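Below you'll find a set of structures to go through.
The two complexes that follow have chain A in common; it is paired with chain B in the first and with chain C in the second.
Right, the complex of A and B next:
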């Protein structure tokens, strides 16, 4: 019997040097190449180093982290209740599934569907100085409708995202087809880029200092935004793209101005903590539930 | 077949394309034909910039250069590591003090302890908080600043141009 490696390779062509040798005991296959180490310019992982002081990062380390530690501190009782709530196993639809532990035929079956489609959210660790909410990465994504009839429109989006974030975006392909919009499956329809570290903090700086203050008719991120696990997302109209200094300078070069959305990926386990962190970076939130006229909380 | 493009060459190409592709004042023969013309050339240029620029020439390092590079790299990583450890130790000490104080407070009595906990309070950083900058603001200190009436439950208005932030 061949022993299978337990390492899951996200991408077949992942370079082995990115993973320590201890965790990757596979043999060197023909499609895997050992590349130069990440500290040499030859490697694609090489990052030449930050070119300027990262204002947002320094602010986080000097001020925000301590404040967040105090604000997100929970007394042992409420912490225990929260962890229990996350660990709770919801009742399944069929009662017969409850005999799984005693039934030998039920081993390795997929987990049963819960009543009401309730999902189990990640269970947070016990709080300590390491569990302070932190901004991990930002995903910028752009869906380009015009790419349905003409694929070249994607290039404008790719160029725009590259200018904003300083990282090369990847193309997003459609997962399903919609006949009404003439969309087929596996059609290139958008682009996305994931940034972390110095590029992330410079992007955040540009956003907070230049783009958000100049946006017209923008009330802030809705306070209900979030995926119940600390990640906050927001969308921008096409007019916001022209406010970025990287694009404002070369406005004529871009044939198509697209809207885009920004997803802040944080280490917080609740939306509340995620919002607290982002408000520290001076991102405004509004009590409105939706963007636009429909989101008004008080009529007249 | 592909010509190598330097940054100056790219800039020149784009400038000429934009000039050429701008619609002329004379009437067009086919409506929309000029729009198609504008996008075609720019997309070709963008495609060339994104996917056909030659790889930059990497510096050829001698053995001494490599040694220097490695030493600097290790020194920088060591510096970052020390900085990280210092921060972690500070945070750990603060957390320990915070935790112990909370435990002591719990022993004192329920009233003080309960009022000290966060409970259901909504806490966010104030919008007037200034993230420190390297240089002072261009407009100086705004002595006539008046904080907006804070009532988060009411319908929010579109955010006004911030008077606290310096104009570009």
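Right, the complex of A and C next:
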């Protein structure tokens, strides 16, 4: 008769692994060996490596990165002006920070905290093969306002995000309360998941090949989108969820369909380069219809 | 150094002769085109890479939480039935592969060998049988250098043949006129030499390579205006179409990979140009 803990280890394939199962997956007791490192298959934290080549990644390395290098190259004079302009616009709070490396009173001491609300963008490094814009990670976030009155509605969002990204999302809690919407502080109000590597490229592939072409009345990401530092965000309506092949099949299992937003986190230092990278992956951009200061262009 | 009066005379003569073309230090400014067809399919994985992926696939299968059949298939539905049938067939296939035949009465619960390769691309039900095209095309087998369907996993570059003995094979190139930019010159020259039946996109307006060469002495004797040429290469991609040979400026063309180019172009030219070309 197999003990309960051993039953847990036998999966549907019903065979023993090459490594003897001397580690127990229950709570750590003093008489047991320490848990194995997370990269070994016997650890409960184990996450398998990549199982195949990824289309989007291979495309980036073979074709896109070279084109991006050519398009984002700055001649030394322009590069110098660009870095200087960035440094000037985003000065650190105290002048002493500029001479941190040489100031003997500042070396090996914690740097001063930034005060005030002024946004400070990082200063880009000198360009080289490493600074070619690359997609780092994608954050998918879902805000479910129905969760205010009934927490069960969160489950729908969590399930949907898990299905489309293949990663388990974490719950987002409100930071402040708004009495008008009956929202209190530290209330579970949404879910988010951050994906990088193979899940990111498969998600991007699904978006570009299947979801975006089928979306109704969608002409592209607004050109004004961007946080001035190369990260582009876009929102999806609830109807977009049904277009994902992971959800298309069992659409009825999701009680509440919610919209979600997707944030592309890139290594680009300007929105222009971020947009260039995403355009390379065949994501269209469209100028906003409204005229005005930022109506048609995003010069950063 | 020349006396002043003679120098100004030759300058005026030069201006009259070469009123159209850009000149710098006696060298003709030329725009060249590095026209490439991007890879269409994955590169072949290294045997170790292949083994690694298979191993990770097996580990993923072992460590994955059980597939929630009730979540994806409704009880009693046709889709659920088909799914169960598919799973039975897969199991039977796996057992058959190791000579463990399935008995009539019950499904066997024997051990499945560890060498079972779980390939991601397998033929599913009869309804949707996707036929995967071959990675090696007919153009590969016949070594048709003019075809764009050859070497699908590599980048192919266009080289053209000029009607001369030495240094015949090169990238399409032509002189830059005084009133146009490098990209405009490159685009115009490509159209003049290779026809207008190609869908081409130039990557930005910046050159990607530079090659300076002197004309042979016999040529310089006749045309004293240029000592040689300075070529600025512009990167471009082809998406559709094919080259049309006009037999005036170019006689032949070929779409070649970086390694194959050594067999066509002169070694000096290859050394100057190879760093622009992709290994993929």
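One rule holds for everything that comes next: the second predicted complex is superposed on the first by the 217 of 300 C-alpha atoms of A that agree within 3 Å, B and C clash if a C-alpha of one lies under 4 Å from a C-alpha of the other, contacts with A are read in each partner's own complex, and residues count from 1 in each chain.
The rule we apply is simple: a residue touches a chain if its C-beta (ideal position, glycine included) is under 8 Å from a C-beta of that chain, and two chains touch if they have at least 3 such contacts.
No experiment lies behind these values; they were computed from the predicted model shown.
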item	value
Contacts of A:219 with chain B and chain C, given as first, second, both or neither	first
Touching partner for A:249 - first (chain B), second (chain C), both, neither	second
Residue contacts on chain A - larger count, chain B or chain C	B
Which superposed partner A:192 touches (first chain B, second chain C, both, neither)	neither
Contacts of A:51 with chain B and chain C, given as first, second, both or neither	second
First (chain B), second (chain C), both or neither touched by A:141	neither
Footprint overlap on chain A, where chain B in one structure and chain C in the other make contact	41, 49, 53, 55, 58, 61, 66-67, 70-71, 73, 250, 252-253
Chain A residues touching chain C - in the complex, by the definition given at the top	11-15, 17-18, 41, 46, 48-53, 55, 58, 61-63, 66-67, 70-71, 73, 249-250, 252-253
Footprint of chain B on chain A - complex, ascending	39-42, 49, 53, 55-56, 58-59, 61, 64-67, 69-71, 73-75, 78, 128-130, 132, 152-153, 155-156, 158-159, 162, 208-210, 213-220, 250, 252-256, 272, 275-276, 279-282, 284-288, 296-298
Chain A partner contacts - residues on chain C that touch it in the complex	38-39, 42-43, 45, 52-53, 56-57, 59-63, 66, 71-74, 79, 109, 111-112, 114, 120, 155, 203-204, 206, 208, 235, 237, 278, 280
Chain B residues within the chain A interface of the complex	14, 18, 38-39, 42-43, 46-47, 49-50, 58-59, 69-70, 73, 76, 87-88, 91-92, 94-95, 98-99, 102, 106, 113, 117-118, 122-125, 127, 129, 131-134, 152-159, 161-162, 165, 168
